[in-house]
Structure formats: structure tokens, C-alpha cells
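First the structure, which I've put down as C-alpha cells, then a few questions once you've had a look.
The letters A, B and C name the chains in turn, as written, and every chain counts its residues from 1.
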Amino acid sequence: MKTKSVIAAGAVLALAVAGCGSSGGGGGGEGAGQTISFLTHWGPDQVKALKAAAAAFEKSNPGISVDIRAVPFGNLLSTLRTQGASPNGPTIASVYDLWLPELVKDGLAAPAPADVAKELSGNWPANLVEGVTKQGAPRGYPNEVDLYALNYNKKLFAEAGVAEPPKTWDELVATAAKLTKRDGGKVTQQGFGVITSWPAGVVHPWLSLVNSNGGALLDGGTPKLDDPKVKAATDLYARLVKEGSTQPPMSNANANTTGPYLDNFVNGKTGMIIMANWWQSSLKDAMGDRYQDVAVAPIPTGPGGTGPASVSYSWLTVVNGKAAPARQEAAWKFLTYLNGSTSGKNGSSAMGDILTSMGILPSRTGDLKAHEAQLSDPFLAAYVKELANAKPFPAVLGGEAMSQAVQKHLENVVFGKETPEQAMSAAQQEVADILTKASK
Amino acid sequence: MTAGTTTLAARPQAGRLGSGRGRAALAFLSPAMLVIGLFTAVPIALTFWISLHEWSMYTPLGDMEWRGLGNYSDLLKNQDFFQALGNTAIYVALVLVVTVPLSLALGMLLYFPRVAGKGVARAVLFSTYVVPTVAIAIVWGALYAPDYGPFAQVFAALGLPDPTWLSAPDTALVSLVIFHLWQMIGYYTILVIAGLTQIPGDLYEAARIDGAGFWRQTWNVTLPLLRRTTTFIALVAVINAIQVFDPVYILTQGGPAESTSVLSFAIQRAAFQHGLAGQASAMAFSLLVILLALGGLFLAAMRRRS
Amino acid sequence: MRRRAVRLAAGVAIALAMLPPLFPLYWMVISSLKGPEELQRVPPTWFPADPSLGAFGEVFEAVPFAGAFLNSLLIAGVSTLSVLVTSVMAGYVFAKYRFRGREVLFWGVVATMFLPPVVTLVPLYWLVSSMGLADSYLGVMLPWLANAFGIFLMRQFIADIPDELIDAARIDGAGELRILWRVVTPLLMPAVVSLAIFAFVFYWNNFIWPLSILQDDSKFPVVLALTQLLSYSTSVQYQNVVMAGALIAAVPTILVFLLAQRVFVQSVSRTGVKG
């Protein structure tokens, strides 16, 4: 008899479960209203601003409601992969341009409608629109732009009696040596810092040096890692490590983009480092008054190059091509508002306001103008000046895997596990395989 | 006990499915089996299915490209997979070798002596397990900072050379193991304590009357009677070590120079960053097969001994 | 005399054994009391130069922390209760019943633990969301209402309970549920409590599944809410806040542990069959 009560209890539980399911699991409405969701990786302050913009949009567009969904930066791509193809997936997503080719291939980044395309070509720099254009149509609104430059510590330069930041690789090596301090056999201050354990942090600064030496990572779809102009940058790393000007144990980064590489720079134990503009806010938070010691210079030019050529990458917002057409339409409408001149202050878009609040460069021409005063801050201005010379990181199918293969071999060089020759020829082989496999 | 023995209906405690007691067994078993079957076994079966395909996960499950065993043959040529397998084996072995003796020792230390503050000590040991990994991993990152971190300062004060911890390929994996042990040892110790409470006190009384000292009591009473708990701890320690992901992800991302790329990280990276869900699933399945083979050997060895 | 010396030695050993667990926890506490600049300072300060409890207030403003705390209590509480019930029942069957295929079924269940959960994430998401449970508390909890770990643990402990106790109860005419509830469970309390604690911590700290299945941040559990603060441009700014939030998040589990561990007392002589 006891058995029966157990079974009965089980049945009640099952019913309760089913009941909760139908009541709790709502979601896609069919009626007049459209609910669109916006997936972003921004921090709480920016999410608040985005929610405010969404509320303003909802007021003037009754029938459309916008849900803002924030996930931690490190989990953005996995969330996109988990939910992207599902009917519950996000309607709009903020994505890194390296992910775009795959999203387009699988139909997750819808082509922009004609009016959006027109808006883009009228109000954004042509090279950025080009960057988000795949298979003949732009795939979203470019927003955040990041690029790399040489950051250095003016106080350490003064102590070492160096007046100017290095303009060439030879000067870089000499300056790095001067900035390196030893206490007995132990290096207490490194001249030039590199980053490890973080794909973009390893590959982008190195590629900035490659670009500034007249080299490139890819020629069309062919890897160029065995090109002497590329290998020269790897040789440069090996030389800096060998001379002690670069200390591998000072290079580690973690998933929160903090760690020894940051600690050493903000505490005056690293003289120079190549980093992107977005870390300005980290520098300010971590350095306080000492932030005034930081200065920015263009990437030093290599013997094969004609001038500094940094690496740039961008973020854009795409619309899910798997969403219902009416939803997609509502999504583009919201994006047009968010990126338009009426949603922000002083002719800026709301997007421009949000980005500059993080110290990040916006990309819409009007936003750059509206935030001119803020962007003339010496740190950001130095980056803005280099933007025209920057080369976008090649966004190809298999880009993440390619990037991590290069990272692995560069780290092998930094830690003395491979010579530059071995590293570059192995990377060439692996990247070629990755690209062939990905583009099949 | 052999698998699938026929029912020994003659034994009074032997339940039999279908009889009254059997119905009770069915009712007791089914909630757990239903949940595990639906939400664990079905996804595992789907994972195997995925491992025979190429899939970016951006398309619906029904829309994958068939590859047959191609993902498995690719693995044989994949250096990174073997490196990850090797790293995982070292990681698991180190965790296992330290966890079992250390948790037994700590468990006995925090159970037998009549000392004030034992409860607090257990809570302290256990609290390392409770603090969310996202936060404590950042703390360990700071502790491990080479040259200036607190550990480096202690080593310098003792006149020892500074291990580079997470910042060099030779030491990074071991540093992660130390963090893992720190985080988990309290958990296993509590299990040992729970196991110790099951041992009847009069067994010790009897041993004492026989003149057995502490070591002989440990050897003849405690350890044999803790065998099930120890087996459980060993197995769970292996599982937890194989599945380690968050610390690797947060602290090293598999680096430097791939030295901490363990399988669960490599699988996650292939699937979610590279969009190669088929290959990732093939890695996962190969891991499962290897483990089942090892587990089978282990069980066979155990059986021969008993 | 000798006994006192032993006790003293044990006390010293326990005190020494507490150092390794305490030091990183100490470091976490002082990290939550430092500002972003001091946190990044090299060499780090062993005592906060300018200690402030500000981060503990800030965590409630930066993320919906109070709501997330309640969400975690709900998710972890319900899941833990369910795991206790399902594990004791299934563990009892696996330990004390004999039927065809028992071993295969049991080891099959154990084998499911070997696969890293991240592998099955996408199929699981697909399964749960196609049941209409995406973005619901039920969707977060349902796949974890029973688990292999709990069943395995319970089987190991129930197997050590003498069969005679159970047989005696059967002869007295007790039904199976009564035996499980009145005879087996009381003897199992240390194991049940340890399972409860582990399950609670697991669900409290579970991250990847709630992240995948939940969308509305008002349903986020604590860990998910905290991780939100670690975006690339904000991680320096909020590090102390994350520490503070994680410390607050650890309090309920430690309290539960302090209360529950009373069952871990030295067993008074327990003979085979009672009354």
C-alpha cells in the first residue's frame, strides 16, 4: 500500500512540474506586439544606459518591446552558439568581427535592409562598412573600434634618460635595453612587455609589429607566416627575450584581462607594452594619479615597413537571420534608432554615448564629432590618429582557431620552447590546415 | 557479484521487480532514473550522434553535415588532443595521489581527538570549497603572481628561488593542481568524517582490549572499514580532476604555451570558440571510452582481489 | 599525562593544518576591503592601507544582488531537497535489492559522471528549451533534480548498513517506505547531511547551465550576477566588488554547514540489530 502512495506522490510531482512548465515557460508572443532581445557583453553601467535607450525607443514605438540581456564577456560566444539557432535565441547580438564570417555562413547574421545599408554608407567610414560587408550586403552596425599602439611609462623613460619613444625596431631594442633594470642577476624592470595566455593579447600586438614591417598574416586566404617579413617580428621577440629586455614570467594574463602583464605595467615594472585603447579605463582605475605617467606612441616601424600600421578590430551588432521576419524588421528599427543621431546627446547616437563612457572609440562619423572633446584626450587622440593606418585583423572562417594556433607558437618562442624558424613554419602549416578545413 | 545475476528469491532481503517489494523498488528508482535518463543519458547519446557530424552549433540539431568517423580519425593526427590528454593524465594522477592520503589524514585528525574548536576547524576547511570559483580563482591568480605576489615574497623571505607558478610552462599545471587540491580537500575530508561515523565504536574498544595502539587500530579497523568511502573518494576525485574547467579557463586559458590545456578545456575551446562541435564531441567520446576501459580494468582488478 | 600530550599534539596539528586553507581566504577578505588601485599595487599590501567596506554596499547597486541571492536560495534549495530524496531512494534500491541488470544499470549511472558537462550543454539546452522551459526557474532546476553522484554516495553508505536491521523491520511488518524512512535514513544522517551540503554548494555555484538557459537577469543566481562585473573594460574597477559579493554568497553555505555538522559526532557503540 505504501508503494501506491509513493507512485501517487510521484504523479502529483510530475503534474506540478508540467504545470509550472506551461506557466513559467512563456516567451514568444504572436499577437500584435513584437518582443526583441538584445544580447550584449557590456558591464552593468553600459547595460543601464542601453536599457534607458530601449525604454525611450519603446515609448515612441508602441508594440515593440526590447529586452536587454547581458552575459559576461567570456561567455558571449558560447551563449550565441547555445541559443543562436533556437527560437528563444537573441534577436540582436553584439559580436566581434572575427565571428562574423561563420555567423553569415550559418544564416545568423541577416543582410541589412536597403535603408540601413544607405544609412551605413552615408554615416560610417567606408573601410568599416567594408569590414562588415559579407556576400554583398552589410551585416550590421559597426560600433566599437579598437586598435593597438605603443604604451610607455614617461617616468621610467626620464629615469633612463630616454627622451623619445622608439620609432623603429632598432630603437625599440635599444630603448628596451636601457629601460631594463637589474638587481644582481635578476631583472627587476623589463623594457618591453609582451602578453601571454590570451589569444588576442598575444597575436594582435605581434601582428601590429608584422604589419609595421610591411608583412601580413594572410594574403587573401593563404597564410604568410613563413614570409621573412613576418618571421622578422618573431625574431624580434626572441631577441628581446634573449637580451633580458622582455621577461616571460611578467607576461601572464587571465580571462578577466588582468594579471601580471597589467600589474607590471601599471606599477612601473614594464617600460613599454603594445596594447589596445580600451584598456585606458583599466589603467586609470589601477594607477590613480600615476596614470599621468602613461603616454602613447605609434607602433615602431620595422626595416621592411614604410610606417606604423597597427591592427584594428571592431564589434558590431547583428540581427538574427533565423528570427521571424517581423521580429527582424523590429530589430533593425531599434538598431537604426540606437545608432542614429536622435537617440544620444549633442547629435551623438546613444551607442556613441555608451561607448565613449567606457573610453572606447565609436565608429560613426557623427559620434566621433559629437565626442570630439573627450576623444582629444592625449591617450585616445594618439589612437585616433593611427586609425587611418590600421589594418583590420583578417576576419576569415576559422579565424579563432587560426589566431590560437599562432598564439601557441609565439608563446613557444617567448618561453624558449621553439626557435622563430620552427615556430613560424609549424604555424604556417597548422594555419593552412585550419583555413582549408574551415572554408570547405 | 556478477553483473546481471538472477534473482535469489530465497533470500529474505532480496527484492524482485514485479513482486510487491519490486514495485516499491521501481517507485524508488524511477524518479532518479527518469531525470538522469532524460537529461543526462539522452544528451550523451546526442553527443555521440554529433561526433559523427560537422556542426557549428549555429544551425538546428537536425541540420548537421555527416562526417562518419572522420572526426575520430582527425583526432589521431591532432597533436593538441594528445597534449591535452597527457596534461589531463598528469593532472588527474597528481590530484589522486595527494587527495586520498591527505583527506584520510585530515578526516581522522578532525574526528578522533577530543579537542575544542574541532567544529570550527572543519568549517574552515570546508569553506574553501564553498567560495565561488570565479572569485577565489582571481585571488589565487594574485597569490601566484611571480616576483611580487605573496607566495613569491614568502619564498624570498625563506631564501628559496621563486617558482614562476602560473607564468611558465613548466610550473603552470602543478600550480593549478595545488589550487584544485586547496579548493577540494575540505570536501573529501567531510566525506571521510561521514564515513568514520559509520564505524561502530566498540570495534575500537575491542581492538584496544587486544592491545592495539593507534597505528594498528588505523590499519586494522579504520582503513578496512572505510574502504567503500575511500573507493568513492578516489573515483570522485578522478572525475572532478577530469572535469576541471573553471580554474583553467579563468587563470591560464590553457597557456602558457598550451601547458595547462586539459581535455575539458580543449573540448570547450573546440566547440564554443572554434565552432567544431563534431570534433569536440569526438574528443569527449574518446575520453569516455578511455575512462570506461580504465574503469573496467580497475573493477576487474578489484574483483580478483576480493 | 600521556593522553594530554597527545591531545595537545593533535590541537597543534589541527591549528597548523588550518593555515593553508585560511591564507587565501584571508587574502580574499583583504581584497574586498581594498580599492581598485591598491588591489593592483605591486608589491601587494598584506594589510589594507585604507580598508573600506564600500564594496559590500556597492555590490547591491552594481548588480541586482539581493534578488539574485533569493534566486540562488530557491534554485539551490529545491534542487538539493530533490536530490536528497531521489538519491536516498535510488541508493537504497542499488544497495539492498537484487535484480537482473542491477550492476549494469548502476555502473551505467556512475559512468555518466565521467563526461565533462560542458560537452552535453548544447543537446541539453535544445532538449529543455524545446520543452518550453527556456528562461524559467523550472528549466534551470529540472535537469539536476537527481544526480549520479548522490546515488553513488548513498549506495556506498547504505551498503554498510547491516541487512539484519532491515530484515528485522520487515518481519515486524513494516512497509518499504517506512523502512527507508524510519530505519535506513536515521542511520544515514552523516551521509545525507554531507550530500545535502555538497548538492547545495554545487547548485549554488553552478554557472554554465543557468547562464545557458536563463535570459532575464531578474532570474539570475548570484554567481551569474557577479560574473557580469568581469567584462574586459570593467574587471579592474569591480574586482573588490566581486570579492565582496562572493564572500556574502559563501555565508549561507557556511552557516548551514556549521549547523548541520552536529551529525558528525563520534559514533557511540552501535551494535548490529537493535530492539
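Everything below uses one rule, namely that contacts are C-beta pairs under 8 Å (C-beta built on N, C-alpha and C of every residue); 3 or more make two chains touch, one makes a residue touch a chain.
Treat the numbers as computed from the prediction; the structure is a model and nothing was measured.
Taken as a contact graph, with one node per protein chain and an edge wherever two chains touch, the assembly is complete, since every chain touches every other chain. Across the two interfaces under comparison, A-C and B-C, the one joined by more C-beta contacts turns out to be B-C. Distance from the chain A centre to the chain C centre is 36 Å, each centre being the mean of its Cα atoms.
Work out the mean CA point of chain B and of chain C, and you get 15 Å between them.
Those residues of chain A in touch with two or more other chains are numbered 2-3, 6, 74, 78, 81-82, 255-256, 258, 263, 269. Residue numbers of chain B whose C-beta contacts span two or more other chains: 24, 27-28, 31, 57, 138, 145, 148, 268, 271, 277. Shown for chain C are the residues in touch with two or more other chains, namely 42, 122, 126, 142, 175-177, 227, 230, 239. By the touch criterion stated above, chain B contacts chain C in their complex at residues 1-8, 11-17, 21-22, 24-25, 27-29, 31-36, 38-44, 46-47, 50, 57, 61, 106, 109-119, 121-136, 138-140, 142-143, 145, 148-150, 153, 182, 186-187, 190-191, 193-202, 205, 228-229, 231-232, 235-236, 239, 242-243, 245-246, 263-264, 267-268, 271, 277, 280-281, 284, 287-288, 291-292, 295, 299. Across the complex, chain A meets chain B through its residues 2-3, 6-7, 10, 13, 74, 77-78, 80-82, 84-85, 102-103, 105-108, 196-199, 248-252, 254-256, 258-260, 263, 269, 398, 400-401, 404, 407-408, 411-412, 414-415, 417.
On the chain C side of its complex with chain A, the touching residues are 36-37, 39-42, 62-63, 121-122, 125-126, 129, 131-139, 142, 175-178, 211-212, 215-217, 227-239. Those residues of chain C that touch chain B in the complex are listed here as 6-7, 10-11, 13-14, 17-18, 20-25, 27-28, 31, 42-44, 46, 85-87, 89-90, 92-93, 96-105, 107, 109-120, 122-124, 126-128, 142-149, 151-153, 156-157, 159-160, 163, 166-167, 170, 175-177, 180, 190-191, 193-194, 197-198, 201, 205, 207, 222-223, 226-227, 230, 239, 242-243, 245-247, 249-250, 253-254, 257-258, 261, 263-271. Residues 20, 23-24, 27-28, 30-31, 56-60, 137-138, 141, 145-148, 164, 166-169, 249-258, 268-269, 271-277 of chain B touch chain A in their complex.
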